[in-house]
Every structure is written in C-alpha cells, then in structure tokens.
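Take this structure first; my questions come after.
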Amino acid sequence: MSTPTLLERYRAMLEMRSFEEACQQGVPTREVHGELHSAIGQEAIAAGMLGSLREDDAVVSTHRNHLHALAKGVDPRAMMAEIFEKSTGLCGGFGGHMHLFDKRLRFSTTGIVGASLPVALGHAYAAVLGGTGAVAVGVTGDGGANIGSFHECLNIAGAWKLPLVVLIENNEWAISVPFSESTATPTLAERAPAYGAWGKRVDGLDVEAVTEAFAEAVAHARAGHGPAILEATCYRFRGHYEGDLDLYRKADEKAQRLAERDPLALTRQTLLDRGVAGEAELDAMAAAASARTAELLESVRRDPSPAPATAHDHVFVSGR
Amino acid sequence: MSTPTLLERYRAMLEMRSFEEACQQGVPTREVHGELHSAIGQEAIAAGMLGSLREDDAVVSTHRNHLHALAKGVDPRAMMAEIFEKSTGLCGGFGGHMHLFDKRLRFSTTGIVGASLPVALGHAYAAVLGGTGAVAVGVTGDGGANIGSFHECLNIAGAWKLPLVVLIENNEWAISVPFSESTATPTLAERAPAYGAWGKRVDGLDVEAVTEAFAEAVAHARAGHGPAILEATCYRFRGHYEGDLDLYRKADEKAQRLAERDPLALTRQTLLDRGVAGEAELDAMAAAASARTAELLESVRRDPSPAPATAHDHVFVSGR
Amino acid sequence: MTVETSAAVRNINVSQAIAESLRLEMARDEKVVVLGEDVGLQGGVFGSTRGLQREFGAMRVRDTPIAEMAFTGMAVGLAIEGYRPVVEIMFVDFIGVCLEQVFNAIGKIPYMSGGRVEMPVVIKTAGGCIGSAAQHSQCLWGTFAHLPGLKVVAPSSPHDSKGLMAAAVESDDPVVFIEHKGLLLQKAATFEHGADVPKERYVVPLGQANVVHAGSDVTLVTLSASVSDALAVAQELDGTGPSVEVIDLRTVVPLDLDTICASVARTGRLLVVDEDYVGFGLSGEVISGVVERLGPQALRAVKRIGVADTPIPAAKSLEEAVLPGRDAIRRAIDEVTR
Amino acid sequence: MTVETSAAVRNINVSQAIAESLRLEMARDEKVVVLGEDVGLQGGVFGSTRGLQREFGAMRVRDTPIAEMAFTGMAVGLAIEGYRPVVEIMFVDFIGVCLEQVFNAIGKIPYMSGGRVEMPVVIKTAGGCIGSAAQHSQCLWGTFAHLPGLKVVAPSSPHDSKGLMAAAVESDDPVVFIEHKGLLLQKAATFEHGADVPKERYVVPLGQANVVHAGSDVTLVTLSASVSDALAVAQELDGTGPSVEVIDLRTVVPLDLDTICASVARTGRLLVVDEDYVGFGLSGEVISGVVERLGPQALRAVKRIGVADTPIPAAKSLEEAVLPGRDAIRRAIDEVTR
C-alpha cells in the first residue's frame, strides 16, 4: 500500500463529491424512490482512509455510506446502478442505497443505526481466528455512538483485544438532534479508556490530519493492541436525507459552515498555498471528475430495472 | 431518614440471609418450580442501602433481587408468598421470584439482563418531571454491565443530568464467565468518566464502606449532579441458580471465599472487636432472625395456590 | 361511540390529525408525555408530533438520543410513576433493538404483577412501504399481535388516526400504534374516506372494525393503507362486478371477529388483504378465526394476499411486484368469486 | 434422506444429541464456530455444547459477555468471511435485545444483496415452559416464522435434534433452532419416540414433517415437546376412541403443508396443538394453509389449542392452566370428532 499524495486525495474528494451530486439527481426524478443520505461535506474522512486499508480489511458502514464504499474500492458503477435501482447494481437492485454489499471487498452497510459495529466485530474476530492480520472498520455517526451496540462491541473488542477500528463521523447532528444535547461528554473519543481502547479526536475536514490519525488507529488495531476509536469532526452539509426541509438548524450556521469550512475548498487552498498545483490544474481536475461522473450517470440510466418476476428470488439462497 | 447502626445493619443482614435460606427450601420440594437465584454472600450491599433511600425513590433490580426488595421495604411475607407461588403473593403468584412489583414503593425487577436500567431511567426522569427530588437506583450485575442498555441509560442520564444511581454488584461471575474475561477494564467504576458520572468501587463485603459509598452516590444524584456508578465487589456464594452444579469455578477458591470472606462473619467480627455486642447477644440475634423467618415460611406454606380459573386474568387491565 | 359532529369538520392530513389528537390528550391530562427521536424540535420526521414541544415544553415532549432500549424502557418507570408515556419508535423496523422493552416488560408487567401495575403506554411508530427497501418498509403488526398484552392499532384515514390515537392514549393497556408512512405523507385533499376530521376531541374505540363499503358477494378484510386500494376496487366493481364488502379492521388486537364473521356469514367468501408478511400473521389469524367461529362449511372460498414472505426490495419494479396493490386485489376477487 | 443405521444406536438425551451433532459438524468443517454465553467452559446452561470447547479450543467455541447484539451481529461478519457461525441465545425470550441482528441483517442480507451474500448462520436457542414464568418460558417460533428469510426448526426427540442440527449447520440459509427446555432436561430413557440416536452423522432434512402416529379420523399437527403429549393421547385412544394421526412438524419454516394436507384430505378434521401463543402464529398458518390448499369444503372440523394469548404465569397451578397439556388435547379431539 502506497499512501496517496494530498493531490491524489483531493482528486478522490472531488470524485466523491461529484458521485454524491450525481446521486441527488435521481431524487426529484424518483429514479431513487426511497430516502437518500448524502455525505457531502464529509469527503475528507473517506479520503483520509485511502492507503491504510488492505483488500482483506473489512469496512462496515451506515445509512450514509457511499464514500466509505468508494474508499474501500467498491466499483462506482455498480454502486450507482444499485442506488438508481438497476438490475446491474451491486445487489441487482434488491438492496438499494442503504444496503450495499461487496463480499469480496468485505464491505457492507446497514440502514439501522448501531448495527454496523457488531458486523465489524465479527470481521475482527474472523481476522483473529484466521490469523490474517486484517482489521475491521466499523463506521458510526455521532448519534449512533449513543446506542447500546457501541458499548457491547467496544467492550468485547477491548476484552478480547480484537482489531476493531470504530470510526465516528461526528457531523454534529443526528437528524434534528444536536450532538451536544444527546451526549454526556464533550467528545466521543474520551470514551476510549472505558474500553481499554486507543482514542483520538481529529478534525474531519482536514484530510491530512484524518489520514494520519486513521493510519494510527489502523496500526494500533493491526498490531494486536485492541480496539481504536477515531472521532472525526465534520458537519452535515445537506438535510438528513435529500428532501429533508432541515428547518431545525439555524440557516446562518449552515451557510457559514458551507462557505468557510468546506473540506474540498480547504484542501484546495492547502494545495494552492503549498504550490502543489495551480488554479487551472485544480479546476481541470474538478471538471474531469464531474465529467466522468456525468458519463457514469448517463450510462447507468440506460440500464434496465430488475424484472418484476424475480422479486421473490433470493429469500433463501438454497432456493426454497 | 435515620441511618441504621452497624448492629442494626447486621440484624438486617441476618434477616436477609435467613430469608434466602428459607427460599432455598422451596426448590427441592418444587414449591418454587422455576429457577431461584440466591444472593447469599451479597447481604452487605443491600444492608448498606438502608437509610439512604426515601419511600419515593425507586429501586429496579434484576433476577437476583430479594435483598434489594427487602432493603426497599417490600413486605417480606408478600415476597415469600410470591416466591412460593401463592395467591397471597406480592403479585398473586403471577410473577414469581424474578418478577416482583411493588408500585407504591416504586420497586420492580426483571428477569432480563440489562433491562433494569431503562426502567430506573424512567423513574429518574419522572423525578425531574415532577420535581420531587427522588432518585432512582438501577441494579445490575457485573455481567449485566456489558449489555447495551447500560451505555444508553448512563449516556442519557449524563446528558440530561438525571438522578440515576447505577449499583453494580460485581460478584466476579456471570453464570460461568468470570468478570475478568468479559470486561475490557479492570473495574467497572472507571467507566464513569465516559458518562460524566460519579464513580466509585467499594468493597461490597464491608457494610460500612457500602453504606458510606451508597449514601454518597445517592447524594450526588439527588443534588442534581447527574448519574452515579457504584461498583460493589463481592462473590457469588451459591451456584448461579439453586441446582446449578457450579463445576466451572474452582472448588477451593469458592471454599476459601466462603470461609474467609463471608460478609456476615466479617461484620460480626467487627461488632465483637469493637465491643458493640458479645457472642451471646449476636448468637441470639441470629437465632431470632432464623426463627422469625422459619415462622414466616411455615405460615406462607399454608397459603393457597392461585386458582387455575384466574390464569387468563390481567392480560389487559381493561379486562379485554 | 364515535362522535361525529358536522360542525368544524376539516380536511387535514394524517400527521396533522395525530398531532392534534396528541395535543388534545396532553392538554386534558398532564401525565401524558411524549418521548422519541426528533419528536420535539422537528415535530417528528413525519410531522405527527408537530407543535407539541412548543406548547408543552421540552420536558413533556422530549427529543431523545438514538437509544431505543433506554427510552422505550423509560416508559415502564414512567408508567409506574403514574405517567402515560407516548414513545415514538421512528420506523417500526427499528423494533429489533427494543422489542425486549415492549414485549417482555410493557406487554407483560400488567400480567406479571397480577394486575397491580398498569402500563398505559403508547408505542407510536410508522410502517409500510415508501421505497426505502427491506429495513425501512415493514408493517410488522403481525409480530406485535402474536405477543400477548399489547393492543395493536393501524388506522387508515385522518379521521380514524385522530380518534384511535385518543383511544390509545386513554387506554390503560399498552397500545402499539402503527401509522402508515404512505398515509402520513398523503395530502389531506386526496383521502377518499375518513377525510373529515372534527376539531374537538373524539374517540374511535379500540376493537371495532369499520365497514367502509357494503357488499354481498365477498368479504374483504384489510387495514391501514390497503383500505383505500380495496375501496377503489370495490367501487370500481360496483354494479359491474361482484359486490365487495370492505372491512377496515382499524385494530389488529383486539380483532373484531364479530364484524368479520357477520359479514362472511352473509357472503361466504373471505379475502384478506394485508401489507404485512403473509405467513404466520394477521391474514392467517383472520381466516382461522372465521373458520373456527363459523365452521369450515360456512365458507365457499378463502384467499389472502400480502407480502409473500419476501423482504421488501429496493427497486420500484420489484417493490410493486411484492406489494398487494389494486391489480392483485382485482385478481384475488376474481378468484374467490369464480 | 434420513439415514437410519441399526448399528451403534444409543439412548442419549437431547442435549447430548445436539452437542454430538455440533461436534460432528465442527470436525467436518473447520469454518463452524460456536458463540454464546456459557457455551464454552460450562458447555451451555443446558449442556448442549458440552465438550466442544475442550475439543475445538476457546476460539472456535467462545464464551461471550452478555451482549447479544454484539455477538449475534458478529455472525454476519463471520458469515461474510466464510465462517458458519452457530450462535446461542440462551433463552429464546432474550431475542428482544437482538432481534435486529436476526431479522434485519441475518434474515435479509441474502435477499438485500441480490443473492450475493449467504448467511449460513444457526441461531440456537431454548424455548418452552419449565416453571420460570413470563420472561423465560416462551416458544416464539411464530415470531420468527412471520419474518422472511429465516428457517425455523423445533425438534421433538433426541434423534431429530441430532439430525436437524446437522441440517441447520450445513444449510446455507439462516436457521433459528429452538430447543425445548423441557426436552433438554428430559432423561434419555424416558423418550418414547425418536429415542434411538445413531452414532454417526446423519441429516434430518429441513421442511419434512414426520407422521409419528398414523390415524384416520383426525389430523393432529404439533411439534416440539407437545409431540409426546399428542402421541400419548393418540396411543391411549388407539382402538378405543378416534383414530388420531399425529404429525410432528419438525420445522415451522419451511412448513410441510404437503404432508399435512395429504393427511387432512383423508381425515377431514384438523387439530393444531402448539405451545406457542395461539394468536397470529403457527396454528393460524397451518389452518389457513390447509383451507387455502384444500378449500374450506374439504374440512369438517378445525380446532387449535395453545397458550391463549396470555403470558406464562409463575405459579404451577396457573402455568398448567394455560398450557396445552394432555387433558386439553383429549378434550379438543373430542370436540373435533363430536
């Protein structure tokens, strides 16, 4: 594994942003006819994961999962086709945006808050059983860190010294409930001692900081020292789901965050400040990412919907 | 509330022990035809609760609940009748030993591990809603502290500053699984900072130490400072339930604990050492407790079983 | 028992009807408290608690962390203290994390206490399909109904939503109140039955089904969002096809077998339309209940349609294939009257 | 498919039969792992995993903390990694804390993944009454059967326990395997059917009911511990009363309606005896399934007995009153043959 450069991470962030924007286009058209949860504003976290994970490491994500899938290497076309409810999708259109499964890459998601960590714990146990040296990353939001499975999984991982990395994307909100009102402590990372775990809070808008902290967390788990909690702070740029009126947040707070704390803009500025690339090069990079995604979307849109006659397949893999 | 003297606490412990021994008698006779969980060896904890609680404070206990009920002031006769499956029981014989409910005293229990704390949290919320100044004590074992509800309840109590006292009876075992193998940290009290809670570990065989620590925990909660975790260490003197072969624990470990670390013997020795009472007086006190309980048992045994025709009553309190 | 006042009747939608009902209950009885995720500031993700926090304060209408075990279990302590908690579990699919509190505690404590402890708790939740796939589309009323001690309600209209919620809150028994997401999002003006909602408080009693369309050839038993589909088909067939009696159950527990059997005794044909999973649930209970009461010989034809033991798929093309929509209802009526 | 070898047949009890089956499966396939509370050192609170940890080590037979969400959810990750986890939930009543993992993940992932991810998971648990009241006495097979994607097994004898556990472990579909506490504690010598257990591995296939007593007047459908009661009554009536065909379902999902209907087509009378709650569950499904297949006119009488929608009470006098024991079976046979 070679660690991507900042420029490469920036490119990944651009691709992630344009992927999310493409998905949004399916909502008003009802090509995506259920809820869609966008991770716009949280790209630096997923981009910070790049380079630390092996193919046999597991990542288990949540309802807000697209960027983790991309970071794990899931095929974007199959993903987008799944999100657009196509038979060519990652799961043939049966799962949809909240339920992405890639067995080979050990990537999966769940629409139930808190349900990601137990699955990740199972991967972590498998790594120890098989002596593979793999780790398992379980993702949760700040809201999800208050549900019971968080505790059960971290306690087991601590007691059994399992290679579990709990990645908390603290975007300050769980739907309409602010982090500060739902949590007993000012940070989530400070829960680590309760589980004999490694813990760190990192600025999740700073892709370099995330990269370093995530690598450290993974290294801790991979070395057999037990679980790690990495809390990455960020801000939910969109409503909870596309279409959420989002009236419960102060409009000016949101506007300010979008204007001043956009991880893409911040990274771009760093690249410019350091002279890694110029405006034109970065603009071209952004345009290329958009163009590639637009092409992808156009292509996915031509795919067929799953055949109604297959709707009762797969209940049992044995066929009965 | 006047705080009982050590001698009074010792008397309470004697009564608790003899209560538990009386209950055991129902097992071989099948008067108690389900599981029975004895708290022998854990008397100093319940006796340490005496004097700190008001009538409108709530106590929510577990499968190992008799002593907490006695400490809360539940009528021993109604309790024993319930345990012996009599129509005169606290719940008319419908609940049994694991399901004791005394609405007036705000005492209840559950047979499901971890299910006590959410109920206690509800009482704590009621205390704040009503501005009563009451507190709620939720009891759990060491094993029960690893289940998710522990986390959910302490986090909420911390975030909302609710008067919740979590009393952990750490008797070193959860059925056949030792505390040290199932828990990520050496103690449970050290989890307190993760919830912004007060936390303390106390020797649960030392009734004076428990008294002081429990009073402190209750005072913390009652003062509106949020939750408290009190971990009282002890040892399960009996099998998990009466009839458990208990082959998973080293026989000599158990024998030694019984011989050297019996909370009743320890308290008796303190009383003797301090010259509070003499051997004869303490023997007489023990004999009196046994005699009273024996009488109670005899009386309860004469009570009728619930009438089979009533078995479908009470499913809905509205009668339909 | 249903008070129908012609004055001050409005067209409001289901979420407004529920919020209005809760408002009236909270105003009548200060012991009513509402707990759940996003029920306060936002007024519920479907708006069915909108305005309550502003009116009654953040203590009585409490936004909770995502911790269903804790806040559902809180209802038990609150009930013992004399409160009447209304707990919202956002989607019924999430019951998997707190069924314990609902079925082993709330549902059983009245019985386990020998009738000494009441559990006047409402578990308010949303079910049904609106495109969000296997983990956000279930109905699960059959799951709750199988477990003793729980009343189970699933209204089909704004009118019934308001009146049944009043009944649920005033009930001393625990009630699982399953709103349908499709109905919650449906515009007021588009309701074809139960669209008029009196302004004042009224109660639609638990356990009384509603014959929403009279008929003589087939008894069609259904509930929740399927009622409008059944009605539409019945109306379409009026005069031209079989005469279909449509019964809206309103409550799954208690199940109003009296009304169902009275109808089947006339029609001899029973069709159950149920958006929940078909197997081991409501449809089997209705059929068995009728067969037990009337005897098998009283029936000429029996059928049920629903989600045939398949999780709900994501793609719309697949979702439509598993749901019991109007076409499926038409075909089923054909079959039982053939 | 059932291999019955006369050689090396022994009388062992149900917990030994299950432990033996798991031992054979673990020896055959190193991907089989067992997780749960007290399954290792103690060998299970009912002894049904005894000896496994000594033979296969503490990693493959793992004592877990009391954290059902975590260790049941672990099965998902393990299955994705190619393992075949057997998860013990000590009493089925505890499913309330981890139904989420079982019904939204294990049961639905094969479907949600479009058939790309298998869940060869066994959820092994104990149900039934042995005197421990409302929270430790339930059967709940109806609950699991209502939820798609789960096979549900409830054996009645040592023989079937061993063979069905082999089928469950080798199944690529998730299986909920509900042992009966009464059977787990029953002495080997007292089993009157299925007492002989071949020493070698054999499979009793899922979905095939067993006619344990032939008869011509009534079809009695039952399962688990009720089978012995039904058999006893049927044998008692042999010659003197109605001729009762006793069908042991063995598996609730798949439900062997072929065997049931073949019998009812002959007898015309159906009696379901079910220790689970009566309402909205197995008994309704069996009756409706038969009525749908054969038509109501094919039936002369139908009845079901079970726990009539009441939690299980503590006192023995009450417990006996709610359970479908031999007297209740006799009365029910009387009724359907009257």
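Per-chain numbering from 1; labels A, B, C and D assigned in written order.
In this section, a contact is a pair of C-beta atoms (placed from the backbone, for glycine too) under 8 Å apart; a residue touches a chain by one contact, two chains touch by 3 or more.
The shown structure was predicted, so the numbers you read here are calculated from the model rather than taken from an experiment.
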What are the chains that chain C and chain D both touch?
A, B
Centroid-based (C-alpha) most distant chain relative to chain C
B
Chain centre separation in whole Å, for chain B relative to chain A (CA means)
45
At what distance in angstrom does the C-alpha mean of chain D lie from that of chain A?
40
What is the distance in Å between the mean C-alpha positions of chain A and chain C?
36
Return the residues of chain A touching two or more other chains; collapse runs of consecutive numbers into ranges.
91, 93-95, 99, 110-112, 114, 146-149, 152, 155-156, 159, 181-183, 315
For chain D, residues that touch 2 or more chains besides their own:
64-65, 67, 69-70, 93-94, 96-97, 100-101, 104, 111-112, 133-135, 148-149, 309-311, 313-314
Classify the chain contact graph as line, ring, star, complete or other.
complete
Chain A touches which residues of chain D in the complex?
33, 59-60, 64-65, 67, 69-83, 85, 100-101, 104-105, 109-119, 148-149, 151, 171-173, 207, 254
Residue numbers on chain A that touch chain D, as the complex places them:
58, 60, 89-95, 99, 101, 103, 106, 108, 110-112, 114-115, 117-126, 128-130, 136, 148-149, 152-153, 155-156, 159, 313-318, 320
The answer for chain A against chain B in the complex is residues 146-152, 154-159, 181-185, 190-191, 193-197, 226
Name, in rising order, each residue of chain D that touches chain B in their complex.
37-38, 41-42, 45, 63-70, 93-94, 96-97, 130-136, 308-311, 313-322
Which residues of chain B touch chain D once you look at their complex with the stated criterion?
30, 33-35, 82, 85-87, 91, 93-99, 110-114, 143-144, 146-149, 174-177, 181-183, 247-248, 305-312, 315
